[in-house]
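Next, two complexes with subunit A in common: one pairs it with subunit B, the other with subunit C.
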Partner chain A sequence: MADQVTLKIDGDVVSVPAGTLIVDAAKSVSNDIPVFCYHPKLDPVGMCRMCLVEVGTPLRDRESGEPELDEHGDQKINWMPKLQTACTVPVSAGMRVRTATQQVTRARKDVVEFLLTSHPLDCPVCDKGGECPLQNLTMSHGSGESRYLFDEKIQLQKRVPLGELIFLDRERCIQCARCTRFQDELVGEPVIGFDKRGRALQIVTFSEPGFDSHFSGNTTDICPVGALTTADFRFGARPWEMQHTPSICPHCTVGCNTHLNTRRSGMVGGTVIKRVMPRQNEKVNEIWLCDKGRFGHHFAGSSDRLTVPLVRKDGRTIEQSWEHVLPLVAAKLAAADGEVAGIAGERLSNEDLFCFQTLVEGLGGRTMQWPGRMGGGDLVQQVGVGAGTDLAQLGAETVILVVASDLAEEAPLWWFKVRQAATKAGATLNKHPASLVVANARDTKLDRYANHIVRYSYGDEVQTVQALTHAISGDGAGIETGIDAQHNPLLSEVARAIEAAENMIIIYGSEGLDFSGSGALAQACANLLIASGHVGGVGNGLLPVWPSNNTQGAWDMGVRPAGMSVSEFTSGAKVVLLAGADPVGDGESLPEDAFVVISELFKTDTASRADVVLPAQAFVEREGSYTSGDRRVQRFYPALPALGDAMPDWNIFVRLTALLGLGTVPAGAGAVMRQIAADVPRYDGISYERLADVEEQWPHVGGRDSYYGGTAFENSAGLGLQTPTLAEMGHQVQPGNVEPPSVESGEFLVVPITLLYDRGSMLLRSKIMHQRLPEPYIELNVVDAERAGVGAGDRVALRVNGHDWEMATRVSTSPPEGVILFPRSLAGPLLPRTMVASLRKLES
Partner chain B sequence: MVIEIIKGLGTTFKHIFQPSVTVEYPDEKRPVRPRFKGRHVLKRYDNGLEKCIGCALCAAACPADAIFVESDENRDSWRFSPGERYASVYEINMLRCIFCGYCEDACPTEAIVLEHDYELSYYDRASAIYTKEKLMDRLDDSGTATPMQVDPGEFDRAIPDMQDPG
Partner chain C sequence: MTPKEMVVTLRDRYADEIETILERYPAEQKRSAVMPLIFMAQREEGYITGSAIDEIAELLDIASTQVVSIVGFYTLFYANPGGMHRIQICTDLPCALRGADEFAEQVCENLGVKLGETTDDGQFTVEAVMCLAACDKAPMFQVQNSSGLTYYECQSADDVNVLVKELRTSPDDLDETVSG
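Let's turn to the complex of A and B:
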């Protein structure tokens, strides 16, 4: 804890950590010093001059250093001759600040007037109007009248696309540089910047495509005027017209807290989501969202959603009511004699998965997580990252090891926070960065910030981590490994860093690994954590980069990967019950003679094969909870009315359970959560009420204080609860046996990698993102490309498993030699892991 | 008694020969005062462009929550109003409206005006919701119907350059 400094602001005695800026210190006692350019998450620049205050320090005797006293015995104050910017001056002991004097009031009025000289005042058509810091601060600090001649206003371009997602209005910009500083300091991608000088100063983008960043939408939140707007919300609605429903982003395992802003639309006919905004949760997403979370919500409102139950009869699909369909399904389930195969997607909520598991278990059937391509969920339950860990706040005492994951693409906000920890950009107090180790077979975006970059060959992930464990325990002889840490100087260096570190977090992914491979990697990571004693505390433990938002929830609810193909898993099953899973779409097959029942949002390939299709509600229409990778159970709320006859998945399963006489129908999702709390280990004590608890967070943003942090919303709907790990509960966790996966060899190894912007069924339905979704491609090393005679952009035939797939080629230095990077979910085969492939150039 | 009756009839006969104050509505309609607040009209500029820019301040000012506005972005090839924004949906629920005129006051472009039409009656509640088509002022001979195709840069601004764009 930093030293506390006591100062006086307008008569209030304030005690804050040394290094705090005056503006933040004042904020902590609800003295709102107006700001435009300052943002509590960014380094101060003092550009807008709005925060001018009077500052004085105690006068000290030069010889003795003692404070000088006046005739009344009070400290003499040496007031600075001019006003100071509160956002750039750190506090000091005994400092005095005056924020309400005539001089200060006058200065604020003048700054507002100055800013308004070139502002168009087109508030009625401005998307920010109603939640605009400039509007608010003009009302509270500005002059009531303008002295400026309206005809002399400069007129600039009003619709400048910075890429197709973000639009700039040059007139409205007050040149506070919040957006450019955000991109520069917090994202490390300075793709926008200032051009020209003086009156001609303007924001421009340097990238192709424009504003090429996964975090571009955040700049519109922190913009203190309406200069930056998103294409998604442009002229969508006025801020005061919309309903705010707290929700959780359904895209990745981070579990960002969001607000869904909804309103009736006369054009669409019905209530729609107008925009998705971040909801402050400092431990999860702070006040940020990635663009996938912000713009990728359109799948829920897609017109091809299923709305009525469908039953296949004599080769035709007919619409049926629930009253007919559920008894039909129940009868089939009852007649299956326990030969029920349940396949549930990792995207379902905890309630859905719990009720699914209860139903299938009650019938004596078996369940499987789909796609279930990553292992280690049981280990996360044992040695997962300590509750209360904030990745961005990790400091010099911590080692963060990222292995087999491209965090920037797989969990953008974790990448953002890990980068923060490693750079400490924008941090005012803790300036000591954590030490970052990135272990991967190829270059990733995180490498730039790493203290150590460990390179291994695909297939050696597990051995690399094991080698580190050996180096720490000094036991080099135990297992024969391809990589020996004691003879590999870099690994020994990393091992020394781990030994010296007080805390360690291992973030593991599944790049190039299938279920058993990633399970082995998780075990190796857990062993390393146990060997080095880094389990069971804040800032320690294992953090999985799950492929879906609720993979951890699926593990916890007992829906686990089967470790086999869907056709193996379902063989012999009389009824296959699927929920939110599309194995047929991924080239798997279901038994011909099985009765297939599926609950889904869309008519997927599996739904087309099914005998009964049950329409499910999307997350925006219902209540539920997700468990993120750091085991944080978070609750989302219904934002839109139910679509047609669609039902929440859990409701479908409990009705079937009741029809089969295996249980009763709970009153609602909250009641299901009570059952979960009673039945699922480590979920005891979790209830919807407790998930809705909030505590004070720093910085204060949103609400009345929109000027301070932008339009990010304050969180009054719950911060979620983290389930405890066995290590935290005081259990002795033992290292397990690791079986490294076997490695194939061939001319080329093709490695499936994850992209943030893929062509999955969720993102494809957001038209706004289409320009950012790449065409199916593979990425080759320069050397390999030359050898194979392939250039960038050439069409090639990729041969895997005896099938040819036509792809475009990209050439870079990122993939190692002999490796083809194959982005998942664009097109082509579903590769479970690193596989052998060959390449043939196609003549154009 | 008789005298009273004769007196009363006297009053009756006196009025028979006086000019009548009854107006034969609907054959005959009395003119309303210039500031009478009747049904709303969404005004146009002389060239036909809509004055309404879809800012929804009328809806915000409405104490009865009678107005619903949804806006969209103008394009030069598909232009409804000057500037970037126009009302794609504009509805007033006449059953809710209390004809207070706050919408007029709130309008930054003087697009909405409470005119002199007071003949508002409906057979069902749904037809009490006046849509943009019903509310929009009729087109002068000089004007072009919206959406119109205009030259780029000609009508880029709405607020506060609200003089008639000609």
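Let's turn to the complex of A and C:
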């Protein structure tokens, strides 16, 4: 920990870590020094001069080094002749700062006036109006009257698209460089920048597409004026008209904390989500969101939602009331004699999954997680990453190993934080980066920040990790599978780094692996952590890159992958009960003679095949909780009124449970959580009340202080709680047996990969994102492309499993030779795993 | 991603020069070569084309936007085509106090253009620029053209007329000069 430094700001004695800037020190005692260009997450630049203060240091006797005293025995202070920028000057012992003198007040007034000389002051039509730092600071520090004539202001373009997601109003920009520094320092993608200088200075983008970054929306939060706005919210509402509801992003396993801003819409005729904003949770998403989380909310309000229960009768679907339909389903379930196959999706809330599991178990049936393509949930429960770990804060004492995952596409905020740990860019007192090892079969965006890049062939994931374990545990013989760390300089270097490190986190994914393969990888990783003693503490353990937001919750609630196809799983079932799962749409089939019941948001392919379709509420219409990959249980709250007759999934299942005489109906989602706490291991002690607990977060953002951290919202609704792992509870966790998966061979191996921007049902309903969603494509190595006679942009027929799929081709050096990268959820087959394929060029 | 299609690349034309420039900087700091590379690209067309920007970015492994920022920051780099001779008049405060504004106005009037514009024959562009560090010799300007930069200090509008006559190439010589 850095040494503490004590200084005096106005009348307050303040103690802060060495290296702290005056502006932050003042903030810690609620002395709000106004800033524009300063942002507590970014390196200071001192560009706007709004934060000027008087600074003095104690005079010392040159000979003795002792502080000089005046006649009253007080320390003599050497006041600097000019005002200093509080955002660039670090504190020092005995320093004195004056922030309320006439000189300071005058300086603030002048800077505001200067900024306003070329600012349009079109607050009445500005999206930022009402939560605008410039507006607020002008009110509190500016002059009441303008000395400038309107005609003297420069007039510039007011609608400059920086790509189709973010718009720039050139007149409003005050040139603080917060947006460009965010992209450069915190994202490492300087795709927006300053062009020209002086008054002519403007923000430009030269990337293709414009402002090409997964994090672009954040710049609109930290822009201290209305210069940057999102296409989604532009002219959408005034900040003070909207309702605020805390929520959780449903798009990936990170579980970013959000704020849903809603308002009645005359056009739609009901309440709608106007925008999704970050809600501060430093250990999860800090004050950021990725653009998928920010702009991908439209599925919830989509007009094709199911609103009434549907029953198939004589080949026709008819609408029914719950009073009719639930007893019908209950009767079918009762008559099934335990031959009930339950299939539940990984996006459902914990409450839904728990009630689903309870119902099916009570009937003597079996459940399956869908798609359930990734293994290792049980190992995460044993040796998952230590509670309280903040990835971004990891430093030199830690090795972070990322394996079989393209983190930037699969868990954007974790990528952001891991990059942060590995670069220590932006504002941080700890300048000693963690050491990062990225092990993948191909290039990924994270490679750029890696200390060691390990390349293996698809199929060798498990053996690569095993080789590291062998190297560390001193089993010098290497292993039979052919990957031997002792004779591989790179692997032995990595092994040495692991040995030298105090802490280690392994972030594992499932690229190139199916359920059992990724399960084996998880076991191999757990063994490595156990062998090197890195379990059970902060900064140590296993972190899964789950394919969905609540996969961990599904594991915890007992809804696990079955490790078999749906037809195998449902064979012999009299009733198939599905919730938020669309196996038919993914190419699976359900038994002809089974009675199929499904609860869903949309009329999916599976819903079309079902005998009974039950409309479920979207997460924004109800309460519930999700468990993220770091086992953090987090609550979300209802932001919109229920749609039609739709019900929360859990409510549907408990009603059926009650009708069948298997249990009673709990009073609400909170009561379900109490049952979970009683029944589910490691959830004891978790309650909605405790999930709503908050602690103070640094930096202080939100509310009145929007000038300091931007328009991210303060977290007053709960930081969530992490369930303890067995290792944390003091159990001795033993390494397990690993069975490396077998590898297929053929002309080409097609490997499904994950893209953040896919054409899945959730993102496709956000029109605003459409231009960023690629057409279905495959990616080939240049060498293979040449051999197969295809070039970039050519259309090809990809033959897998006896079917041809038409795709566009991309050619690069990223995929290994002999491998076709095949992004999931664009179109074409849902490949359960790596498969053999062939390729044919289509004539255009 | 596919590399951008480029007709004639800087690499085709100046392979050796690019290499020499890159050699001056350590490999992990090659972004430092951005200034000489932009300067080289400007020599080609008199301004920096979009494809040159992309190519420099690619060569140095930085974002195109970063190259644009640098081109935009320096008054000696041009993102748009202009006249063969750029007359760059300092109108910063000290020069303004010595009448640079009126001077610039007269120069423009004599050439029949506004600030920032190019004469119809494509030969002269008049621009207002920031301090050129000759404040005590105002009005002053510099001329930027294919032979480099030349300072002209303590100038009058008549002096400029004389200079313009000297510099103005007759239409007959024009082709040769442009291609040379």
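Everything below uses one rule, namely that the second predicted complex is superposed on the first by the 840 of 844 C-alpha atoms of A that agree within 3 Å, B and C clash if a C-alpha of one lies under 4 Å from a C-alpha of the other, contacts with A are read in each partner's own complex, and residues count from 1 in each chain.
Here is the rule we go by: contacts are C-beta pairs under 8 Å (C-beta built on N, C-alpha and C of every residue); 3 or more make two chains touch, one makes a residue touch a chain.
Quick caveat, the model's predicted, so the values are computed rather than measured.
After overlaying the two complexes on the shared chain, residue contacts for A:P90 are found with neither subunit B nor subunit C.
Once chain A of one complex is fitted onto chain A of the other, the partner contacts of A:T205 are limited to subunit C, with no touch recorded for subunit B.
After overlaying the two complexes on the shared chain, residue contacts for A:D122 are found with subunit B alone; subunit C is out of touch. Applying the stated contact rule after C-alpha superposition, one finds that A:F235 touches subunit B and leaves subunit C untouched. Of the two partner chains placed around the shared chain by superposition, subunit B is the only one that A:Q155 touches, whereas subunit C remains out of contact. Partner subunit B is touched in their complex by these residues of subunit A: 120-125, 129, 150, 155, 158-159, 234-238, 240-241, 264-267.
Residue ranges on subunit A touching subunit C, taken from their complex, read 189-198, 204-207, 792-793, 810-812.
For subunit B in complex with subunit A, the touching residues are 53-57, 59-60, 68, 70-73, 83-85, 88-89, 91, 108-109, 156-160. Here subunit C touches subunit A in the complex through residues 1-2, 53, 62-69, 71-73, 79, 130, going by the rule given at the top.
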